[in-house]
Amino acid sequence: MAYSCAARLPCRETLATAHQRLNARNPLVHCLTNPVTAHFVANTLLAIGASPVMADHPDEAGEVARQADALLINLGTPSDSRLAAMQRATRAAREAERPWVLDPIGAGGLPRRRELALELMQHHPGVIRGNASEILGLAQQHSGGRGVDSAHTPREAHQAAHELLSRAGGVAISGASDQLFGMAEQAGQPRPLCMTIEGGSQWLPRVAGTGCALGAMVAAYAAVCTDLPTAMLAAHLHAAAAAERAEARAHGPGSFATAWLDALASVEPARLMERRVKIHWLDDYGRH
Amino acid sequence: MAYSCAARLPCRETLATAHQRLNARNPLVHCLTNPVTAHFVANTLLAIGASPVMADHPDEAGEVARQADALLINLGTPSDSRLAAMQRATRAAREAERPWVLDPIGAGGLPRRRELALELMQHHPGVIRGNASEILGLAQQHSGGRGVDSAHTPREAHQAAHELLSRAGGVAISGASDQLFGMAEQAGQPRPLCMTIEGGSQWLPRVAGTGCALGAMVAAYAAVCTDLPTAMLAAHLHAAAAAERAEARAHGPGSFATAWLDALASVEPARLMERRVKIHWLDDYGRH
Amino acid sequence: MAYSCAARLPCRETLATAHQRLNARNPLVHCLTNPVTAHFVANTLLAIGASPVMADHPDEAGEVARQADALLINLGTPSDSRLAAMQRATRAAREAERPWVLDPIGAGGLPRRRELALELMQHHPGVIRGNASEILGLAQQHSGGRGVDSAHTPREAHQAAHELLSRAGGVAISGASDQLFGMAEQAGQPRPLCMTIEGGSQWLPRVAGTGCALGAMVAAYAAVCTDLPTAMLAAHLHAAAAAERAEARAHGPGSFATAWLDALASVEPARLMERRVKIHWLDDYGRH
């Protein structure tokens, strides 16, 4: 596997710009998301300088999606009403050319979720962000997963993610390391790319909703970035840098969650740049 | 504009009493509110010495509203079921002569919310608490707002608030400074009054649900106060005093939220009295 | 009342084992619970080393209950849809021989909740955990309660709890002291037992959802324990030990909630053993 030096990441130079734009533009992010973690998701968006709106009634969702700068669709605990809202909102977002992010919670282990996700994907999500079992599920490969947890490592879902690039602008797999897939230009040619981010914190998976929050962060960055790989990368680096700072202050998962929100609000662009990202071209696979 | 000295506030002498009563009576506050911030709202009520009950099924809402000492109606993410519950609860509250507070989230930018709010207002809310765009929307003036955010300053909504005093016991506009409208007696005559509260914290708008929580606090104080302007003022001063104390401890929005709940539980009546409130009579406007 | 020394508690020797198993097995706990405190419940399960899944759609609930290691049914703010899910999930749990815990919120003061609880109890809950008014309500005794608060002391609900032992493997009454009821063997005979746990923290009732969280902890321990009294006791001692540690760090209810989650994740089995538990046989009552 050919890792590039982080400095050669195609989109890298715009990360600081992405972060500055987020603060300057205060994008409105429409979240159709599960009530379990909705408060945490809203707090995350406010912490990074975005503005959440959670209107999930079918009669309002289309209108709000058109008002907003980006849309998050999170399939956790989907009620029939919220699902109807999701269908209208994704259609409206596509028509209004707003980016939307799909967080296909449970699409690994629960057939109903997979079907719902595939149906919504007809409106072409900007980014799909999930765990390995969910990405495998969406690519209709052997999946599994128990409840909403992953039964696979991110590495096992590489091929599935690569395939999904034909149906979404980017794919992010969360796990012990996060792996981001998108198309980037090299010598005038679009090539599929995988970026791996190490780090974060042991406490991230011990706080409910950090994954949901990351999906919302991707949507917020997608609202202000010109290309989706940059948005994915900026969001993941922002989350990971804040997690490392928070872990240094935390005594457990409760204080970690609090410190993460604090750090999300204060982490600086320079800090995002410090992190090392490993990159390889997916079409290099055959050569190994 | 003729500012009175805070010491001359008609209701001022009862603020410490209001706070003591809250702790002594532990009022039961029925909250029909959005699930996004419901946990934070419940924690806020517990912190200030009230007791929340969130029963939002149409078959229970009327009965619970009659059992409770006050009712909060918060229009965030309103499901059809919760709306049906709101209709029964507001009716029951009016019949049982319990004060109820309307938090008309989204009534600025979302026509459906405005209609719902106007319909519920037939049962005469004790207090309406919202941002400037929402207050303008309820007064059927030119509004706007994007999503649930305000597109106006509190000052722009003064006339709308004044008008709404014919349909509610008090009106509170939240913003950079909070502005409270109600009727007070002066020389035996009822006159419309505006009280302005400066202060608070930069972090309040960066935590999801602080506005919702403030609405619940108004309901709790309305349960134990004899007049609604006192209830509004006590709730807003309590919130603002706690916010200032919390800001001194906070490192960002996460730790601010935690410290605010702590401070809500420990702030003392004397501290409420320390704050300066600016007052003017609304019917003095013509003289300027 | 004949108190035994804690060392003679029938199940006591397995408490450290229960705690170790929880961490080793990471049981999946299916929670059908109110959205108000769902995030706190999920965070509690993650803190103690369990894994939450909150899928509450009727079309998914049966399948998820079969996948999970235990089920929590919490009757707070029950929507029609979540109730339908509860019916399928409790049936599935019983068929798959998974333990399930009933938290009958509001069954004291709200007749509809009592009926729902009694209907679900046909699928034989492992443990019923509630406040005194709720336990009285389920035993069809004179109850009351205003909203979801208790109007009775745990002591007043002893006989009701004893009676409910014919319909559940264990009964836990939360209050100023927690009282746990179950069957234990003595000299080869099953006898009804009451275990009383003193301690905890003044802040526990000032944080929304600590009771709900305790119900989820009982479910998590029931997933890994061989008998239900041990599961109840381990969960309650774990919660109480963490509460005492958290109180020492807390400045109010906000920081207490944070510190409690921290302490839940770090409290050690030895610490659970330190606490004194008072025990008496319920069939000794006649002798006093």
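Order of writing sets the chain letters: A, B and C. Residues in each chain are counted from 1.
Here, a contact is a pair of C-beta atoms (placed from the backbone, for glycine too) under 8 Å apart; a residue touches a chain by one contact, two chains touch by 3 or more.
None of these values were measured; they are calculated from a predicted model.
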item	value
Same-site or different-site touching of chain B by its copy chain C, using the half cut	different
Superposition rotation for chain A onto chain C, Cα-based, multiple of 5°	120
Whole-Å gap separating chain B and chain C, where each centre is the average of the chain's CA atoms	36
In chain C, residues with contacts to at least two other chains	35, 39, 257-258
Chain A contact footprint on chain B (complex, rising order)	34-37, 39-40, 76-80, 106, 109-110, 112-113, 146-149, 205-209, 250-255, 257-258
Of chain B, residues touching chain C in the complex	28, 30, 35, 38-39, 42-43, 46-47, 51-57, 59-60, 63-64, 67-68, 81, 257-266
